[in-house]
Structure formats: structure tokens, C-alpha cells
Amino acid sequence: MKKLINAPENVVKEALAGMAAAHPDLLTVHYDPDIIVRAGAPKAKVGIISGGGSGHEPMHGGFVGYGMLDAACPGAVFTSPVPDQMLAATQAVNGGKGVLHIVKNYTGDVMNFEMAADLAAAEGIEVASVVTNDDVAVENSTWTAGRRGVGVTVLLEKIVGAAAEAGADLASCKALAEKVNNQGRSMGMALTACTVPHAGKPGFDLPDDEMEVGVGIHGEPGRRRVKVAAASEIAEMLAGPILEDLPFKRGDHVLAFVNGMGGTPLIELYLMYNELNKILTGNGISISRQLIGSYITSLEMAGCSFTLVKMDDELTKLWDAPVHTPALRWGM
Amino acid sequence: MQITAEHVIKFIELVAARIKEQRDYLTRLDSAIGDADHGVNLDRGFTAVLTKLSSVADKDVGAILKTVGTTLVSTVGGASGPLYGTAFLRAGMATANRFELSGDELLAALEAALEGIQTRGKSTRGEKTMIDAIGPGVDALRAALAAGDDLLTALQKGVAACEEGMKATVPMLATKGRASYLGERSIGHQDPGATSAYLMASALLEVAQGA
Amino acid sequence: MKKLINAPENVVKEALAGMAAAHPDLLTVHYDPDIIVRAGAPKAKVGIISGGGSGHEPMHGGFVGYGMLDAACPGAVFTSPVPDQMLAATQAVNGGKGVLHIVKNYTGDVMNFEMAADLAAAEGIEVASVVTNDDVAVENSTWTAGRRGVGVTVLLEKIVGAAAEAGADLASCKALAEKVNNQGRSMGMALTACTVPHAGKPGFDLPDDEMEVGVGIHGEPGRRRVKVAAASEIAEMLAGPILEDLPFKRGDHVLAFVNGMGGTPLIELYLMYNELNKILTGNGISISRQLIGSYITSLEMAGCSFTLVKMDDELTKLWDAPVHTPALRWGM
Amino acid sequence: MQITAEHVIKFIELVAARIKEQRDYLTRLDSAIGDADHGVNLDRGFTAVLTKLSSVADKDVGAILKTVGTTLVSTVGGASGPLYGTAFLRAGMATANRFELSGDELLAALEAALEGIQTRGKSTRGEKTMIDAIGPGVDALRAALAAGDDLLTALQKGVAACEEGMKATVPMLATKGRASYLGERSIGHQDPGATSAYLMASALLEVAQGA
């Protein structure tokens, strides 16, 4: 295992210390429980918080700031944070208008957030939750834990953050979050595995000529292993299931997000964007907004994911609204 | 024989030691069908639990188990944190103010724990999770006690069933937890949570045997 | 070799097509010769262009836009662009106030830019050049090709781009560029090699317990190979030679740039930033501005580099000035 | 014998073929002390040159070589593009309007090429570059012609010296080009540019031998 780290058990705290040193204008880091709280957020708004395992940077801590998250709860690497963190974050950002929890659909995340929400409710804080589940690689069946929450989470945090900044109330924020989640779909693939610092070994062995299709963001294997293919074929493997699923049709405008898994060079992401753009154009769908880069990652995994969200005027306006966080910034 | 508060402290200490020993093994199991953190998660949790034990050394069984539960909830994270945390919390509630547990009281505590996991995890048996080890173990313990076995014999039968349950997760298709994302590819691997559950069960037996 | 590409010979053009599709508001891509030209740049300003091999994305194409570059010339992967590209870019951005060529000190880049400058001069276009050479890993001797241009290039393009946007003339832009270069130093390291698509094999073999210290950005081996060390030690290995070299002293304020080589997860960059911050604090130097991310890369290489630029009010103001490019954006 | 314009066309075609054959070898050499692109760079350039050759098939040697030079400058990039480009341009200027070259004229063209590389690259011998192969080759050719050798014998001696020069780059410390960044670590590897220069020299000899 080769990593720019000291001891595996200190990775998260030391990276948090780096964030605190780098972005004092945007955020404050609290330890034990570890939370990242937006600096100088107005109190008279709905608080927006999210959280999940570490190793997905910049998600979520990199999205704390104006127009996006009010707090983030980083767990151990690939491990859901504990309820204490979400409770502390909820308390920190509650200004009386309630707090929205943005949760990715993983058993651990859902349970830990649920426990925190119960504790917060017991303190009289109004909490609403949205669970993202946009990964079409997983069959959406009542017999499974359901689809994973992946790329849509990033886009949703930006869009709902903008609405909260503009004064939307808790119910509207929750409804908006559900709308974005319903209108979004994702799928990812990996060329290489990644290594959890504590484990010291890659999560799976992948021969030099094979790749995993339908991976999540936790270094777990995907739905199937196939021979490495050309970028154009990989783009079809990802875009196909997304387009077959609801809700995309000819004439739609989408926000297209081509995401790197952490170890993928940008030149490859632009090349994949070119492939995605060709596929969508061929399907009569046009890209009205785009995001290209490594925003929801799996440590140093090489690979990419596509996320499409069907856009309308409301979502476009919120997407375009000013945002100022360590990882996403425009309009200010 | 009875299970005393002292036994429970010893049991928790032994679980912590076993988890630390088996940390990499558990993580390796989780690496095959999950995200390679189960051993690390539990080791972090039980290491924290150890630092709390002295504060409840002279308390009743319920207080000890509740402290274990809240500490696990606050330090483990992931799926196993809320699940094991809830299990110990519920077992603690079932044993409030008790300094000694009869076989039936122990059974009631374990049933409460199992019930807590199932409620929190919305899971049933056969989904390739920790309850596929805990469930059969509790069943066997109940049956043995009902048949008039002494506690040690009953525990032995319970742990044996728990081990069988753990092994039976190998051919199962996962439909809960992270392993469910793998679909058919989850088949052929032993569930990490079932394995840690068996480690805990055998630690309980070991303490009872030493008693 | 596992990459998200189609044929190796088409990587650059297909990634350019992706950039063109993604950023029509910011830039236009011309082919044969391949150049990326800022969209709608005002004509009455000094044109700022740069270029170099591809594989370093987002540098340079990702820096084309308001307040930074007016054009970029992408060569083949790790290969200096040809004079035709720089000539075409110079012609495209020349508005009569002259054009500044920002060149990284590599034999190939310098020679190809020189030839282009000669050709442009023959057409009556006023051209000035600055050659960046901030890599302290290379001995600065008249007996060698001199120090490589690395991280400072990114910061310089931002700062000089802001000056040009504000109306600075060609001589001032050149003088400013030289000032930034003189006040900046960098050093990099690699945990893994990278694979040039055409070569199909990593540029060097690195055992699992070794790393290269003093690498450039072209996948070449570094100055020395040592055992993998803790992040704190690696930070010392990079910051030490930078601080020993001119021009940093107690009381200085610096712009600190922690750069990922392309395959390094952000969590590690923040952890390294934390180490750098501790070292600088210990030396009485304070970080007044920072940049953390993968901005000057070597394909999928894992590793990082540190760049420090001594700041003053002039440079700080120009750094803070609005910029809007695919890779850097603030203030607008 | 004389070197005709037709020979020059054949020479360029042979260089293009040899470079394509040796592309991966040259790139491997560049991978050890450079950035793994020398073979790919020259192959891209000479592939482009081939498409231009028909347009100068009936032109004089100078026109042919100038077309080769400008095409290399426009398609190779890196260090070798301007260097080889300049070399062919200068050789073309030295042979303007000539349809046949005597030994002395060929020598003059090669001297102009070497001079061009040195000026463009600000390099001298002993720095572990292409001129450590070209320089000794030109010297040997000059000496042989001065000693009265016929052109073919002189070329043979020149190419042998060129090969020796190429091999002599192995123990050299690089002080120019990318390899110089490696410092002492550049020692022990053959320079890719010296190797491609030797490939070109031996192609010239092969064409002359077939004449």
C-alpha cells in the first residue's frame, strides 16, 4: 500500500486539520465528534447537512459553504459516521427552521442518520430526511437494500443548498431533494480497485485486462466483471442502463455529470464526456449543464461514473445560483 | 450456574481481545463482499468500550451492557455500529438492575438483542447477515434450556448452532447490507457480520466455561 | 495498460472534443493545428498563451478563459506542441498589444516556442516570452538544461492573466511573469509511475515499498529513489529544498499550492497540506493564500508536489481577481 | 558514385520504415531516461513526411529535404522535432537546386545539419544527445573523403563511427535534454536521440549500397 499518509488511524483527522487550515473563511472543523460546520452561516434558514464515510473527497466536507451544505459528518474511511456526529451537526446548524439530512442509501448511513434524527427530534429539533438512491446498477427491488445513493447526491446538495439559501422552508427543501433524486440516475465502473488504509490491500484483485462494471463508491466489486473495453463501449455500458431507466426521453435537457473515481486523470474524463455527449445527442437529449471532475470518489480508484438529472427551469436556476465551497464555486 | 456481572465484564474484555486478533480476518471477509472495514470498525468500537469498562465495573449487568451499546453506537459507525449497538442496548434494558443472570434471563437478553437487530436492520433470516448466526444460536439455546440442559451445555449447543449458521451464510445470496449490491456474486463468501457474531458467542461460552 | 480511451493516437483530439462540448461559453477548439482559444476575449489586451504536452490536465487548456489564458496549445501526450500551434494561437489572440508566451523550461518546449516566436515576429506580431524554471529538484547550473518549469506555471498564468485582463502592457506582463517565477519554487514526488498511452507500459518500475523524489511532470524518474515514508517525512523532503533555496524567510507570506499528480485522492492532498502548514508555521512563514488539487498532472501518476510563491500586495490582489476558466473559477 | 534525388527519396522512405519498426525500441530507451515518447514522436513525423513525398518526387534534393524538415517541425514536437527539423532544413538549404550530390556535397549537407542541431539545441558533444552519434559520424566521413576513400567506403566508416558514438552515450552523464534531470541516474542508458540518428545514418548507407 502506497499512500501519502502517516498512520491509517489518523488519516481522517489529519485531512480534516488540513481542511481547517486551508478554508477558515468557509468552514470550521470540530473534533470528537468530527464535524465540519459552515462558517458564518445565517441562522434564519433551513440547515442542510450530509455525511458518510471518508474517502469520497471532496464529498461531503468540500461542499460545505455558501449555497450548499451547512455541515458535513465524515465517518472513518468508507464507514458511515456515527449518530453523535449527525446530532452535533444538526444542533450546530439548527436555526429554528429545521434541518434536512441528505443521506445516501446504504444500510449503515440510513441507520446512523435515523438514530441521529430520533435523538434530534427528542431535543425538539425538526428534522427531515431524504435518501438518495440513484445507482441503476443495483436492482430496485423490495427484496434488497435498494439502490445505492451515488452521483446524484452531489448535484442534489448543490441544488437544495441553493433553495435553502434563498429561504425555502424545510418541507420545500425535502420535496425538492426528492424531485432531484427522482429525476436523476447514475452508473459507475472501475478500472482498478482501491485500498482502504487500514486494510492495507486492494478491495479486490482485478486482472490487467478486466474491469468492474456497476461499482459503488466503497471499493466493493461491481455487478459484473468484463474485459477492458474502449471508452466508447464503456460509455454505452454506463449510459445505456441510465437511459433505459426512467425518466429520460427525447427533447429532455439534462445536467450531465462525468465523475472521476479518484485516480482517473482529467484528460480521460473529458474523453468520456465526449462519448456521453455523442450518445445523448443520438438519443435526442441535450446537455444543458455539465459537471466534469472527481467529486464523489473512492480513494485512488481509477474509473468513472455518469450521472444524469433531468432539468427544468427551477432546477437550472438553482444549479446556476452562486455557490462558494472548497470544491464547487461560481457566481461569487 | 449463573452469569454474573463480573462474567459479563470478562466476556466484553474477551470479545475486545478476539476482535483485535481477528480484525484483519474480519476485514478480509468484508473485502470480498463489502467494503473492507468490518474488523476495523468493531476493533475501533471495542477498543473504546474497554476504556469505559472500569467506570461500570461495579454496576449491574444492565448498566454494563447499556454502556457497551451506547459506546458501540458512538464509535463504530457503518451498519454494524447501530446493529451491535442496538443489540447490547436492548440486552442491557432486559437485564436492568440484575447482578446475576439465570439461563432464562440470559436467553431473554439474547432474544431482546436479536429482536433489536432485526428491527433496526429491517432484516429477516436468510439474507446473509449477522442474524443468520445469532438466530440459530438463540433458537438452540432456547431449545436446550427448555429440554432441561444445564446452562453450560445449553450454551455449548447455542454456540455450535451459531457456528453452523455462520457457515451457512456462505452459499446464501445477500439481500441486505452492502453485499446485496453484488447480487449473485455475493454467493460463496462467508458473511463478516455472522462471523463476528460467532466470535462473540464463543467468547461468552469461554467465559462461562472458565466460571 | 488500463485507460478510459479509444485508440492511443486519438486521445488528445477526443479529449479536446469533450472540452469543446463542455465549455462552449468559455472556449473554442480549433484542430490542425490543435489550439484552444478563449471565447469572446476582448481584443484590446495583451494576449496570454501557453502550451505543452498533453497529459497534464487541466493545465493548460483548463486555464483558458476570463482572467487567465487566451489560448493554449496541447501537444501529444508529454510532447511539446509544434510551432504551428503556437503561431496559430498567437495569431488568434493578437489584438495589437502583443502576445506573451508562457513556456515551461524543457528543451522541447523552449525550442518549439522559440521557432513560433520567430515566425510570429516575422509577421509583425510583438511577442515576449517567459520561461518558468521553479523545480528545485534539478540543480540550477549552466551545465544542464536548467531547472524544469512546474507548479509555478499554474499560479503565474492566473496572476499574469489577471494583469493582462486589467490592461497591463506586454512589458509589464513579462516583468510580472518573471517576478512570479523568481519568487516561486516547487518540488514533487511520485508513489507510482504513469503510462503514456502509446508506450503502453509504465515509464519506470517502482517496487511496492519505494517512491521517487524530485520528479518532473512527464513520468520520468526523479532525482532519487527512496523507501516509502510517512506523509510528514515526505512533506519535509519536498518543503526542505524549497525553503533552503531562495527566497523564503521568516515573516514571509506565501501562496501555498499542494498539487496532486493525477492519481492522488484529495484526502491525501489535504493531509499533505496539513503537514506543509505545520512546517511553514515552524519556519515563521504564513500561508496567506492556498490552492489544493490536481492542477498540473502526469496522467494517472500518484504523488504530489509543493509550490510556494512569496506574495506581496500586488500579487495577492492579482491572485484574488476574478477568474473564470474550466478549472479555476472565482469572483464571477 | 553520386547521391541522386531519387536516392534521397528512397532514403527518407527507408528512414520512415526503420523508425516505424523501431518505434517501441526507441520509446523504451526514452522511457528509461526521458518521457517515453521518442519513437512515437518520430513515427508521427515520418508518417506525415511520407504523405508529402509524392509532391516533391520530381524536385531537387534541397526541395525534398526542406519539405522533410518543415514537416518534421510541424508534426514531431518535443525536442527532437525542432532538432531533426532544423537538421533537414539546413541540409536542404545546403543542397538547393541540386539533383545529384558528390561526396563533398553530401558532407557539406551533413555538416550543415549538425551545425543546425547544435545551434538550435545549444549543445556540444559529450552531453549525451543525438550529436554524440552524428558528430563522430560526420568527422569520420570527412576524414575518409579527405583520405581519398570512395563515397561508399567513406559512408561505411561514417556509419561505423556513428554507431560507436551512439554506444558511447551509454556511460555518459546527460547534461542536455530531459535526461539531464536525472543527473547521475542518466548514466548507463543509451540515448534515444543518438539511437534514432544512427538508424538514419545506416538507412543512408543502405540506400547508397543499393545504388
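Just so it is clear, A, B, C and D label the chains in written order, and each chain counts residues from 1 on its own.
The working rule: contacts are C-beta pairs under 8 Å (C-beta built on N, C-alpha and C of every residue); 3 or more make two chains touch, one makes a residue touch a chain.
Being a predicted model, the structure only gives us computed values, none of them experimental.
Novice: Among the other chains, which touch chain B and chain C together?
Specialist: A
Novice: If every step must land on a chain the current one touches, say how few steps get you from chain A to chain D.
Specialist: The distance in steps between these two chains is 2.
Novice: Look at all chain centres (mean of CA atoms) and spot the one farthest from the centre of chain B.
Specialist: So the farthest one, by centre of C-alpha atoms, is D.
Novice: Counting in whole Å, what is the centre-to-centre distance of chain C and chain D, each centre being its mean C-alpha position?
Specialist: 32
Novice: Would you mind pulling out the distance in Å between where the CA atoms of chain B average out and where those of chain D do?
Specialist: Centres of chain B and chain D (C-alpha means) sit 75 Å apart.
Novice: Distance-wise, how many Å sit between the C-alpha centres of chain A and chain C, to the nearest whole number?
Specialist: Between these chains, centre-to-centre, one finds 29 Å.
Novice: Out of chain D, which residues touch more than one other chain, so two or more?
Specialist: none
Novice: Based on which chains touch which, is the overall arrangement a line, ring, star, complete graph, or other?
Specialist: line
Novice: How do the chains pair up in terms of touching? List each pair.
Specialist: Every pair of chains meeting the touch criterion: A-B, A-C, C-D.
Novice: Considering the complex alone, what residue numbers of chain B touch chain A?
Specialist: Checking each residue of chain B against chain A gives 24, 27-28, 31-37, 40-41, 44, 73-83, 120-121, 175-178, 180-183, 185.
Novice: Could you pull out which chain C residues touch chain D in their complex?
Specialist: 33, 53, 75-84, 106-108, 111-112, 114-115, 137-139, 143-145, 148, 196, 198-199, 201, 203-204, 216, 218-221, 223-224
Novice: What residues on chain A touch chain C, complex-wise?
Specialist: Residues 2-7, 11-12, 14-19, 21-22, 54-55, 57-58, 62, 191-192, 208, 211, 228, 230-232, 234, 262-275, 277, 287, 290, 292, 294, 297, 299-300, 302-304, 326, 329-332 of chain A touch chain C in their complex.
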